[in-house]
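Data first, discussion second: the structure below is written as structure tokens.
Residue numbering begins at 1 within each chain, and the chains themselves are lettered A, B, C, D and E in the order written.
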Amino acid sequence: MQDSGINILFEGQNLQRILDGLEQTIFIAILSVVLSFILGLLVGMLMTSRNIVVRFVTRFYLEVVRIVPVLVMLYILYFGITRWTGIHIDNRVIAIFVFTFWGTAEMADIVRASVTSIPKIQWESGQALGLSAGQLYVYVIIPQTVRRIIPPAINLATRMVKTTALLPLIGIIEVIKVGQQVIEVSVKDYPSASFWIYGLIFLLYFIVCYPLSKLSKKLESKWQE
Amino acid sequence: MESPILTLKHVNKYYGETQALADIQLDVAKGEVVTIIGQSGCGKSTALRCINGLEEIQSGSILLDGKEIAAAGTNWKEVRQKIGMVFQKYDLFPHMTVLDNVLLAPLKVQKRKKDEAAEEAIALLKRVGLEDKAHSFPRQLSGGQQQRVAIVRALMTHPEIMLFDEVTAALDPEMIREVLNVILDLAKDGMTMLIVTHEMAFAEAVSDKIVFMEKGNIVEISDDPKAFFKQPQSQRANEFINTFRFQ
Amino acid sequence: ACGAGATSDSSEGSVANIEDKTTVDTIKENDVIRIGVFGDKPPFSYVDANGDNQGFDVEISKQIAEDLLGDSSKIEWVITEAANRVEYLETGKVDLMMANFTVTPERAEVVDFANPYMKVSIGIVSPEGDVITDVSQLEGKQLIVNKGTTAEAYFRENYPDIELLVYEQNTETFQALLDGRGAALAHDNTLIFGWIKENPGFVAGVEAIGNEDTIAPAVAKGDTALLEWVNEEIDTLNETGFIAEAYKKTLAPAFSSDIDPASVLINQ
Amino acid sequence: MDLDFIRKAIPMYQEAAFLVLRLGGIGIIFAFIIGLIISIVRYYKLPVLSQVFEGYIELSRNTPLMIQLFVLYFGLPQVGIHLSAEVCGILGLTFLGGSYFAEAIRGGLESVPNIQMESASSLGLSNTQTFLYVIFPQAIANSFPSIGANIIFLLKETSVFSAIALSDLVFVAKDIMGLYYKTNEALFLMVTTYLVFLLPISLLIHFIERRLRFAGFGN
Amino acid sequence: MESPILTLKHVNKYYGETQALADIQLDVAKGEVVTIIGQSGCGKSTALRCINGLEEIQSGSILLDGKEIAAAGTNWKEVRQKIGMVFQKYDLFPHMTVLDNVLLAPLKVQKRKKDEAAEEAIALLKRVGLEDKAHSFPRQLSGGQQQRVAIVRALMTHPEIMLFDEVTAALDPEMIREVLNVILDLAKDGMTMLIVTHEMAFAEAVSDKIVFMEKGNIVEISDDPKAFFKQPQSQRANEFINTFRFQ
């Protein structure tokens, strides 16, 4: 039995379905990652603001996101919005919104850390040349922060990919859920189904995340001079 | 004497409780090289930073070409093109090549034509001996080379006055020499300069005027550097000069 | 991002209970009914290797669509989890819940159950060598249950002292028994009967405890029009023997042969 | 919201919180020890072991904890190893956390300037003494912010313990939603419980971080 | 002349292709103050680091008290107690108080009694003017104060010779003076010292012997610092000295 267990992957549409599940995972993760990176850049710059109110609000946002589990945010938004307003929003939109909301905060903190680590003299020598605040950001500060944020940002991206495992709760059938469906149906004929299916999913996650983390390592060592 | 390019009148500057500048009065005439010396923390950097608008002053006035620049509503973009400043270090933008560094202000602030500005940049880099480094990044240069680029970058906006804040403090002796030679050269060309340095021999050689500060005050101004370094008038300046002598 | 997606998506349909139109009208208008089922609970409702929904609940759902919309394929399947079935109904994200929904008083407070189409009791299965024949034998031992099932609710309410091992997936639940992680497993007896057929060495020491529960379709609270329609439909399906047919097709092959259909079906 | 229900449900959350703290605590301690060992091995670039550990780090970081737990809990019995859910939870967290701590501490070790090691040697300290008295205390201080962030992250990761039948907070919440349909109450209690134990931990970490900073670390 | 404390014989040191030390020959007698000067990268630091065992040499020998220390099997723990070394900066352990810094080696390496070692530490701190900083952390001290503590820390093991590697390079002038005064004081007390510095006036004042290096070679050794700084024998030394003169 054990040795024929791998056949479960080739039964019916199983493999295709698992890959479709992976596609859901990747689609939502990638879109959220991209949005988080863009918004995180903006919010991160706000976090370095000298205005204490702005700083407090953004800090509060970060703490909230860190303490409220993603699962709760998904639930509250997907069911809560409909309950309170009667409006239905596609669950993938909700998923992307929640992931972006979370990712933006984390990303912003990464940006904040890297902006504050830019020596003060860089701001000053830009100013001394007559650059406006906007020019200072565009030509001097952001290009320098980008290098420093990429490694931790990629780390964040892999975390976001891995967190898509929560999505079945709002009805998104991602790769792990498909795997479970396949196991439930096939376990009678293939007692080792869970071994093969989870094994495959383990591998798939690794295949998706590993190149990202390799890339971050590479950039990290490259930019360390 | 013709009217000064830069004038500080009764300038006072506080950081919280500490008074960093106390009733500072200073004139810098066109073509004049003025060097400020004094102990660490006496207010030298603060003086330069106030002139360049990096810090606000609490009272007094600062005139550039006879126009008040320490008041609200100053067009700093314009003023800063007339003032070039070079800092102690980490001054260049590490993500840009040397050429991009020196072209940033001419192209983005002054909106000059790229060809023409680049031509001038190359000429200036040549003058400081770095024409072959135009496409290098700052980290590929030695500290002394970086500071020479920083000087070129400041010169590119055609300032009327240059401010130097301990530009050699982080350098090794030969590099110090490379950089100071560039400044000596500018002095010969008649550039107006306000210099903060701890290199006494250099100060003696380059300056038209020495300003000795202590605790935010100007204690002594001398128009004769040679005489000053031999025997300053004030007791405090004398003590200070002595820390550079052995036995 | 939120504002942009906020316009009601056509596939999601409109909210239940818009004053003048009943849900039945809306369903007919949309020409599709949204039915909540499980994706991983064979033989009741699951997704097969080809990605198609199958099982007892699914058979009945298809017939409902056939009778309501004239086409058994006019269903938008919504895969639910035990924990979000009520939410789906309450927020109108499904019209009809067919995810093996056991009727309980607590649930009846928040959703409206239609007439039942199936009966179920809790059974307890344990290894042959160490059979549990009475609940009292479970004291001080661990009992395996599946999360969100009536078995879990029953033991939590009535035997709070019995330590429960709660798993999310059916397979995991039964696998845990095989791995010897608990002394016994409590679940819908229908499932247990099916399982012991495949797994010699285990016996259903307790065949039925607690109340006999029923399983019924559910609609959102106050959705009378749909409720009435479904009530009638289920009655018809019971009478015409459709449900018995569905039983034969989906459940019988999975259950051991000594099970009397009468213990599972409503009108036998 | 149903206050009566909330009152009744609180003990379940309490129990779950204790479980999370107990398993999470043990897992984090083990993970820290593993991380420490790995980071030292990688810092000193010991041959073979370094490469082995690097492989472990990649595997651990690039796969979800949920799947790691499945493998431990349902995969190991297939080869005859039966571990209890609690042990699996701890092992899973250790497996995941080990790599995060390893990277955090290595960052700290590498941020200690070389001159520190040299001036310790030039005083005659042995390699072990140098590590113990000079390198390690600074490395821990330097990496404390990321160590702290990882502690919080790992405590929150326990929410996938429910996959192997451990009643963590998410599990209790889902259970209540599935059984009693008290969604609002369940989620409210879950967030509150997280807040109640994560906030003090987070504040404590901030406090220690600041203490370390002010105690003379960095310049 | 009595037999030297430290002797370098035909010492060669390579980093890959670059030869950092080329056939170095040097004697340091008891109580002698030897100063090494030369351009950046000429091998000054490397020389000190090899003496202290931080770098291995490829050939030649280094004798301390007549015993070979550059060979395999050297008991470095013992040797390093006889050699005190102070670096350019970041030298103190930032997580320990001043007292803990200076007591680390006596207590952990030499296993001395805490009371007795602490007493000596306080006495030495007093000598460098820092007895009130015993319980401060390094970051609470100025750069000059930190370097004075570093000197005390090195003195605590009662070394026979002290090595100083540009200990004032990162400091402001007054701080430089504070630190150099401590070294001058040690010199008067007869401490044997090998110093690398860019402070020429100080080198002239403190040294018994000046060693001028270039590209890993010793180009000139002078027993008369005054004469050397006035007019070195070698062309290269002369050029080097000139970088410190203006006009």
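Following the convention adopted for this analysis, a residue touches a chain if its C-beta (ideal position, glycine included) is under 8 Å from a C-beta of that chain, and two chains touch if they have at least 3 such contacts.
Note that this is a predicted model, so its numbers are computed, not measured.
Colleague: What chains do chain D and chain E have as common neighbours?
Modeller: Touching chain D as well as chain E, we find no chain at all.
Colleague: State the smallest step count from chain C to chain E, taking one step as a move to a touching chain.
Modeller: 2
Colleague: Relative to chain B, which chain has the most distant C-alpha mean position?
Modeller: The most remote chain is C.
Colleague: Tell me which has more C-beta contacts between its two chains, C-D or A-D.
Modeller: A-D
Colleague: Please name the chain that ends up farthest from chain E once chain centres are defined by their CA atoms averaged.
Modeller: C
Colleague: As a quick test, compute the distance in whole Å between the mean CA positions of chain B and chain E.
Modeller: Once rounded, the distance between the two centres reads 35 Å.
Colleague: Taking each chain's centre as the mean position of its Cα atoms, how many Å separate chain A from chain B?
Modeller: 48
Colleague: For chain A and chain E, let me know how many angstrom lie between their CA-based centres, rounded off.
Modeller: Each chain reduced to its C-alpha mean, chain A and chain E end up 53 Å apart.
Colleague: Note the residues in chain B that touch 2 or more other chains, in rising order.
Modeller: In chain B, nothing touches at least two other chains.
Colleague: Note the residues in chain C that touch 2 or more other chains, in rising order.
Modeller: Each of 81, 83-84, 87, 175 in chain C touches at least two other chains.
Colleague: Of all the residues in chain A, which ones touch at least 2 other chains?
Modeller: 75, 79, 194
Colleague: Output every touching chain pair, sorted by label.
Modeller: Every pair of chains in contact is listed here: A-B, A-C, A-D, B-E, C-D, D-E.
Colleague: Hey, which residues of chain E end up touching chain B in the complex?
Modeller: 39-40, 169, 172-177, 180, 184, 198, 201-202, 204-206, 243-247
Colleague: So in the complex, the part of chain C that touches chain A is made up of which residues?
Modeller: 1-2, 4-6, 8-9, 12-13, 15, 39-42, 46-51, 78-81, 83-84, 87-88, 90-93, 169-171, 175, 198
Colleague: Can you list the chain A residues touching chain D in their complex?
Modeller: 2, 63, 66-69, 71-72, 75-76, 79, 158, 162-163, 165, 176, 192, 194-195, 198-199, 201-202, 205-206, 208-210, 212-213
Colleague: Where on chain A does chain B make contact in their complex?
Modeller: Residue list for chain A touching chain B: 119, 121-122, 124-132, 135, 139-140, 143-144, 147, 225.
Colleague: In their shared complex, at which residues does chain E touch chain D?
Modeller: Spelled out, the residues of chain E in touch with chain D are 52-54, 76-78, 80-81, 83-85, 87-97, 104-105, 108-110, 137-140, 150, 153-154, 157.
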